[in-house]
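Same chain, two partners: chain A is paired with chain B first, then with chain C.
Then we have the complex of A and B:
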């Protein structure tokens, strides 16, 4: 029972008006989804830059999910 | 889209599997779709394993070094101008197909990014690990022999690096 399960660190960049609201709605209507995503809310997906994503990986994220 | 494609190619250049970066759309009313997307994405990452273990990836420390230089390179003036020019060209030609974007990024943005990353990484390597031979630098930065030589020459003209015997510092 000591086999370690890999829990990835995933960073989510969510647009305030679309994906963030969708995530909110998913919570309100009690859908189950994996808890690995750490969310950063941006005012628009267009705000996201190459630098942000490289920094996320540089800080040790296993994946970056951008939701528009 | 241009930014996403640039990210993908920049990650590949830094030795990270580009599939780790995803760009998806879900509107505010599409909670079930959002759940589906997240679930699929997380299981995809789980099957890939931690950073540095998936197919075609270098070791974690190497990736970290590449990324550190990549972050600096991404804000470099030359890379920014290349991105702006590409956007302008695409606006003129009015063709926004994924293939055109991917080709444009590969031809116009990536060379600038790669050169800038290698330049930054050489300086980082020399600052952190002391004098190095140019062959060692090639190995550490993942650049070709000729590329590295050329960049070292430019750097030494700017008096940022010096040569002593066969090693640089």
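Then we have the complex of A and C:
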């Protein structure tokens, strides 16, 4: 094991109606989770073009999270 | 000068000029006239001198206003239980005996102890808490013979909050009956008992003693055993009284009060006071929870709207907006960013100043500022001024969630002539400071990233056209029972057309089977009156033996296919009210259906209505509660069966006073004023025997005779009661809602009832706009509650009808006709049928049906030629966000 901790850079695509709402609700309830996800709000996960995901990985994302 | 803080139940101090709590509306300070030195002694005057806005004027005097009004709504809420009642339990003598209201403040993060639960005697943490229920309720000695309805559930809630704050707490709750009959309440209570290990003890504590600084409780359980235990704190679950000024209100309004001092109403008109044009909502009508209060509030709005429908829109003020500055919008982006502290909600974790300074360095940003509360009125004004001063044409608000606050900021943009689509929000509260409260550095970094991504998108935002569509001024009401008829009548009386669809061959639903209402009136009178008014109403079209087969469209413009006698009728309408009812649960056990001496409560009523034949040679009657309900076959409590059983037991006693009646129950849930009936039944000799769910009673047939076997907790043995008649209190099952739920694409609860948009705050709305809910379709409830809820649904449904126009969110898809190759993938994928293909010069092209599009973007993500663009969510904008996410890695 190395001393360096893997600190992934994750891009999230959250559906406005469900996952984004759930992420807001997590905040209202003060649930705590690691600060590694950056969120792009979309009106539906159906909006996510495969190109978006490929672009994210191409730009160095360690992971892509789609929530909907 | 310090004064006691009444909002915090006297547990902290405040000052004469104060604001009760941060979210108070209106959010402005007021001066307590009783404590103010200037008002009482003409000294001080410090506040008036220091207020830079010169907002304090001591020359103001009370004024008498004469208003011309058409209807009055009484909603004064409830009063507090008298101090003398609390003193019986040591309140006032022992510091660690607190009321539930005080405990609520102790558990509140913005309360006097910042949410830390401490003993009031020494402010030290504590270990053991006891909740005593029915303090000032179900207690004739203090004049309150009724049940306050809400205390059982709020005690469970307070205990849960306390356990969440401190998992080591040992909490015992002392109930007579556990009355958590609200929708979903039993499930939450069971979860809480399970998750937090709350101890539920069935006993009424007569008094509280203090022993060596601790509080001693002694009680007897129904198995005859005595117990005693020491606690650190005792919480008195105080009931709801009639408002202190109820008598004065009654005199001024000229209305009658009931024998407990609440507003007098009847089962068939639960929202109407005893004087024409005066309506009542909330706890003044009787103790009730938030959902029922909110429902009644909407219900009285319908009543007032019915009364005043002729003068609707005669005194309205139209908001006007300046013309849009299209030239400014088309200029190169000049982005302004406002970073919100949200008090300490964001600034307590995220370094707001660092985020603001960072934002200032981002490309396109020409202005940045931090604000204390961006959404406050003064901050909105300031934002508007800063936008104008700096000629900003793109705005980023780094604050909370766009789901809740974007409309507010869009309104600000509109008010100064900017297109509302030119704003982007960066969520640095709900999805940052609140969820990373222990990692301020990482949270600040995340906030910077989120702001960078928002700025990248903001630079590519384009003005969007806000379109409106006309509303079909008709309501479709599905279900012709008490709720459906009441809703239809209200809609029609408010001046709109209504189509009432009923699947059976006659109106009435379950009300047809009811013989007496809870207040002893004939149910047929209520039924006949409703049917007569529906049939005679020029604006109601009744369709019997009809069923809704398909619904398409959206709020304001629904189109439904209704099948009647093999024929399909198409109806255009603006809103839908679901009043599909429920059904009597049909039991599979207790010899039901096998022996004709075993009947349901409704069957008993029907038999009694025919005459006393059913009671011939009957000496003993056994009633069994919770048949089918509360975990037998259905998980929910059916809410009305306890009162229904008592009502019928009293009727039996009235017909045949010598009849022996046994009622086998789990918890008698005769909430509210029905408690009077429960007491009367006990006085008249009805015998109540409690059973546990793991030892349900058995109905045994032997030698053509029936006996009911039940475990007697006091005798610790099973006893057999010979029964000439067994009456089963069967619950309310959902009315087969699956098919309709699929048609209107709406979720059901696990129990099979329709799910409302918000349990407390939107109890009659569905998540889909334009669809409303009432009656048993929402969940089991009594007739008066169904009627109030039907009125509420009618009030909500009338809003789009009265507006006449519905706004279409501008986030819809747009097809670039030149790029479109007419492949039709979009049309086939669209879940809302919002894209159609048509021919232009013999070539197929796709086109968005603006009013049907929900903006999901499935079409855009699948278009092979990238011909479809989404308002506010363009490919370019999302790509820019992705690149901004990557930062320098993707330069």
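One rule holds in what follows: the second predicted complex is superposed on the first by the 66 of 68 C-alpha atoms of A that agree within 3 Å, B and C clash if a C-alpha of one lies under 4 Å from a C-alpha of the other, contacts with A are read in each partner's own complex, and residues count from 1 in each chain.
Please note the rule applied: contacts are C-beta pairs under 8 Å (C-beta built on N, C-alpha and C of every residue); 3 or more make two chains touch, one makes a residue touch a chain.
Note that this is a predicted model, so its numbers are computed, not measured.
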Please indicate which partner A:8 is in contact with in the superposed arrangement: first for chain B, second for chain C, both, or neither. first
Contacts for A:38 in the overlay, against chain B (first) and chain C (second): which applies, first, second, both or neither? second
Quick one: is A:19 in contact with chain B, with chain C, with both, or with neither? Answer first, second, both or neither. first
With both complexes overlaid on chain A, does A:47 touch chain B (first), chain C (second), both or neither? second
In the superposed arrangement, does A:67 touch chain B (first), chain C (second), both or neither? first
Mind sorting out which residues of chain A both chain B and chain C touch, each in its own complex? 21, 23, 26, 28, 31-33, 48-51, 55, 58, 60-61
Using the touch rule from the top, collect the residues of chain A that touch chain C in their complex. 11, 16, 20-21, 23-24, 26-28, 30-33, 35, 38-44, 46-52, 55-56, 58-61
Considering only the defined contacts, which chain C positions touch chain A in the complex? 401-404, 427, 429-432, 434-439, 442-443, 445-446, 449-450, 453, 811, 829, 854-858, 860-861, 870, 873, 875, 878-879, 881-883, 885-886, 889-890
As the complex stands, chain A meets chain B at residues 6, 8, 10, 17-19, 21-23, 25-26, 28-29, 31-34, 36-37, 45, 48-51, 53-55, 57-58, 60-68
With touch defined as at the start, can you tell me which chain B residues reach chain A in the complex? 3-4, 6-7, 10-11, 14, 16, 20-35, 37-39, 41-43, 45-46, 48-51, 63-64, 67-68, 70-71, 74-75
